[in-house]
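The structures come next, written out as structure tokens.
Consider the two complexes below, in which subunit A is the common component and subunit B and subunit C are the respective partners.
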Partner chain A sequence: MADAGTLTSATALEDADRRKAWGFVAPALLWTVAFFVVPFALMAAMSLWKREGRDLVRVWNFDNYVRFFSENALFQGLVNSLEITVIVTVISVLLAYPLAWIIAERVPKRLQRMALILAILPFWTSYVVRSYSWLLVLSKNGVINQLFMNIGLISEPLELASTRTATVIGFVHFFVMLLTLTIYSNLIQLSPNYRRAAADLGANAFQTFWHVVLPLTLPGIMTGAFLTFVLCIGDYVTPQILGGNNELVLPQIIMLQLGRRADFPMAAALSIVLMLAVTIAYLACARWLKIERA
Partner chain B sequence: MLRQISANVLSWTYLVLVYAFIFLPVAVLVLFSFQDGRLPVPPFNGFSLQWYGAVFADRKLMAALGNSMVVALVSSVISVLLGFLAAYALARYKLPGSALQRGLLIAPMTVSYLIIALGLLSLMNALHVPLSLMTVGIGHVVINLPLCFAIIYASMGDHHINIERAARDLGANDFKLMALVTAPMLMPSILAAFFLSVTFSWDEFIIAFLLSRFDVTLPVEIWSMLRSGLNPKTNAIGSLVFLASVAVLLILELSLFGRTKKQ
Partner chain C sequence: MMQSVRDGARLRRFFSSTATIAIAALSTVAAPAPVLAQEELNALVWCDHTDPALLEPFEKANDVKVNVKVYEGTGAGLSILDQSQPGDWDVLVIDGVDVHRAIDLDLLAEMPDSALPTADIFPEVRMEANNTKDGKTYAVTEKFGYNTISYDKTKVDPKDMQDLSVIWSDKYKGRIALYDYYLPMIGLVGLGLGKKTSELSEADMPAIKEKLAAMRAASKQVSDVVSSQTALATGEVDILVGGGEWITAVLSADKPSLDWTIPEQGAVRWAQSIGVMKDSTKQDLALKFVQYILSPEGQARLATSSCYWAMPANAKAGEHLNDQQKAALRFDQQAEYLKKTQLYPIPSTELDQQFQDAWTEMLQQ
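What follows is the complex of A and B.
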């Protein structure tokens, strides 16, 4: 009797608790469903429709996707995006790793935090302004050209802005800062015992690095590289300001569909393609990426 | 010995070169914001504050600055609040499908801002909702909510549970518990989530660009200034935003994070 009583009150309590818990989590879930899931479903549906004049026609077919793969101007956007993203990710990792390593190993402990803050300080320039400031450096009458002409290295200004190189430089600048941060935090978590053990077993500095330190910091590198990939391939601002109208990347082509052509279904289809590219990249690095509760 | 020295020299040279690369554009930006002339490129003609004067005299730019602050603050408060409530519910109660719920809440983090913006734009068009600062704010909550949820959820360790039980035994209901016990205990991560959200919203371009019409945020206004090409006024507003952010960062570093480190 008493047992049954406590049992019912316990379930009643659990039910009340559960209702309350649902109440707490509901606003966030509803917001995500209403403003993320529903819009995304709408966009996915729209990618199957087509545009006629100013109107959307609700036909259901894969014409937009077929057009994407058959029209060179569209497909080339994906190729350019992938090429630039891969180049940027590789260069950024190669530049950032030694920097993070030097800060973690060579800079005195008490100065490390300072060195790191300095290394990511330009993060806090506004995002649009950051690309613009590279324009000041790279444009025809910019700092680099004037410097090179003054010291007699070149006689005619180089066409540095509005090129793929400019886009890559702008991206690398941003991601070197980001990657230095993620790789550094990985490096300082390494216990020095690993390296001592490797040295005891007769490994030289290079062997220790190649067989011990590098594999242990691989998760940090992959997390950073994946973040670089995602942010780089989806960015419109940097290629638009620095790359200009040469060798358009996918986000630029999506914006063109929205603006001049008012072809919303095509823009939606291209966005789905962009998302698939990110998903494939995610699956490729998934085994190194972990989000865990401390 | 010699090898040691040459390795050191190599390290420091590398450090200096990469720092130079990182700081080059910012240095040029700030230097030529003081340019006494119409072009923010060499030669440097002399020191002038005229472009800062032009920035403060520009009504559209000042309005955009205000808009950005409002959107950043309001969207961050909503993100932190919703993220905290969801984290509390999912970390403290056993809800069915909680892994799925966590996945759903984190999902927007994996999608490009451009795609989130396009989706919202199609939704607003379909519902005939006029674009405004509110639609921009809605978009910014979508991108910041996953971040706030993840940060706060990650910090809700089980070691807090006993303190919360004690508060419950003393008669605190859920709201009292959250406001007087859980939130103060998690204050460092709540503040971190809040300031990160403010930073992201403040600096976000593509959502603000696609989801606004007449009232725009600062990055969108700066974007439209770029159409006039290289202009020292753009340098001035860019430098102002940079220096203000660095000042805020230093204050936070010295007060907030300096304090939590000592504890």
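What follows is the complex of A and C.
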């Protein structure tokens, strides 16, 4: 009888805890449902409609997706987006890691905050203004070409602006800082005892880095790399300003559907494709990180 | 203990009531005498309507605040209207070729002809076929310009710019920017092929695609207004196909070497129209705003708006423009230019789709 009473009170406590937990989670859950799940479901549904002339045909079909995979100009947008994003992510990681390491390991503790502030200082200005500034820097009469010509490195200006290279430079400038922050936060949490232990066991500096430091900082790298991937593949401004429309990425093609024709079903279908690419990237990163942590 | 709790409660009530009295007293003393709220007018516009120099005279004269929202592309504008409540918007500025899209969606109100300065508007840009339906006027052309060739006259031979075929020749390869809007650009290609913009059809698509590909091969970039202006001003390119006075006029003081012309084969003319929203609850005020924009003073301010310059539709606006402004706009050459230019294509929705697909293919080339 006493056991039954204990059980009942334990169950009541559990129920109360569960209700409390739901109470805490509910606002975030409602927010996510209202501002992500529902809009996403609407977008997915709309991607299965079709624009015919000025009419929106609300009959479910896969025509937009068939068009995307069958028309080279549209599919190429995804290819371009993926290529640029991978290049930007790789270059940004390769540049950000040494920078974060120098700030974390070589800059005196009291100056580290200042170093980080200096590193992110250019980002206190508008993203669009920064992109147009890059356009001026990379133009025929820009700083880079003028410098190279003045020192006799080149006789004719390099074609830098309005190219994929310009887009990549604009992106890398932004994302190196983002990655530096995520990697730096990982590096300063790393206990020096790991390196001491590795040295005690006879590892040289490179072996210590390769087998100890790098694996332990992978979560920071992967978090930054994933953020870079997501922000880069969905960006419209940088390729539009710096790429000179010499190749279209998927967000530009989405904008093209909306600008004059207001073809929301096609734009929705392309957005779903974009989200699928991001989801695949997330699954790849999450799985990889889990293995490394195990 | 009990006492201190009671004291605390009393103290809180005291402060609470004191604060209430103080706030009430302050409100009585400090609040201004009740005034009628300033009236507001909401206009969905192109960026040239955001210039304070354009809006302020109307706002002061009518004690009204004009709220403007800028959109780019008719599709985007119609989407904003689709997501708005009836009555949210009072005035709409729209591409002249798309007025019927708005009329068909029952968005625009009829305007009395007697209230509009139609007689003062250049006959070629009155565009009755676009702005009216069944004899009723729903919009009026307020500003127009040309999609033609802008160039740096110190870098290219101005004579070459008189022939549209220069846009797909190799002579200036890598020194050309293309304006990124498929409708006027395909119209220009059509003119280069000897086709009237109003007669372009599906049968012309193979030839158009071929020339688009050649243009792309000869060009350095395809860019929006700001990027095109930047490229021309910084010397990144020497020619902008699709540009016109709206690209170079605003730079005329700083970059006098920039010029524009209308080639022998002609060029494409664009126009923007203004109308009153059918569901506006301030029809009279909205019409008054339209009348102000169409007045010679309003037209001169709109023509030289900080966002972009272009020709005023009202011929009398010239009285309010100075010589430098008129020279930059080529105000006195309009009679000749209007004869040589054609309104840009108004394709059927099917042909519009083909135009856009051809443009996308060209960009991915």
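One rule holds for everything that comes next: the second predicted complex is superposed on the first by the 247 of 294 C-alpha atoms of A that agree within 3 Å, B and C clash if a C-alpha of one lies under 4 Å from a C-alpha of the other, contacts with A are read in each partner's own complex, and residues count from 1 in each chain.
Basically, a residue touches a chain if its C-beta (ideal position, glycine included) is under 8 Å from a C-beta of that chain, and two chains touch if they have at least 3 such contacts.
All figures in this text were calculated on a predicted structure; none of them were measured in a lab.
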Under the stated touch criterion, which partner chain does A:Leu135 make contact with: subunit B (first), subunit C (second), both, or neither? both
Look at the residues of subunit A and decide whether subunit B or subunit C touches more of them. B
Which of subunit B and subunit C A:Trp210 touches, first, second, both or neither: neither
Tell me the contact category for A:Met46 with respect to subunit B and subunit C: first, second, both or neither. first
Give one of first, second, both or neither to describe whether A:Gly234 is in contact with subunit B, with subunit C, with both, or with none. first
First (subunit B), second (subunit C), both or neither touched by A:Gln76: second
Per the contact definition in the header, classify A:Asn246: touching subunit B only (first), subunit C only (second), both, or neither. second
Regarding the shared-chain residue A:Phe264, is it in contact with subunit B (first), subunit C (second), both, or neither? both
Looking at A:Phe62 after the superposition, I want to know if it touches subunit B, subunit C, both of them or none. Which is it: first, second, both, neither? neither
Subunit A positions touched by subunit B in one structure and by subunit C in the second: 132, 135-136, 139, 141-142, 241, 258, 264
Listed in rising order, the residues of subunit B that touch subunit A in the complex are 8, 11-12, 14-15, 18-19, 21-26, 28-29, 32, 39-43, 82-83, 85-86, 88-93, 95, 101, 104-108, 110-116, 118-120, 122-123, 126, 138-139, 141-142, 145, 149-150, 153-157, 174, 203-206, 210, 218-219, 222-223, 226, 230, 234-235, 237-238, 241-242, 245-246, 249, 253
Can you list the subunit C residues touching subunit A in their complex? 72-76, 78-79, 101, 104, 174, 177, 180, 183, 220-224, 226-227, 230-231, 234-236, 348-350, 352-353, 356-357, 360-361, 363-364
Residue numbers on subunit A that touch subunit B, as the complex places them: 17-18, 20-25, 27-29, 31-33, 35-40, 42-43, 46, 95, 98-99, 102-103, 106-107, 117-119, 121-122, 124-130, 132-137, 139, 141-143, 146-147, 173, 176-177, 230, 233-234, 236-237, 241, 251, 254, 258, 264, 267-268, 271, 274-275, 278, 282, 291-294
Taking the touch rule as given, give the residues of subunit A at its contact with subunit C in the complex, in rising order. 52-54, 71-74, 76-77, 132, 135-136, 139-142, 159, 161-162, 240-241, 244-248, 253, 256, 258-264
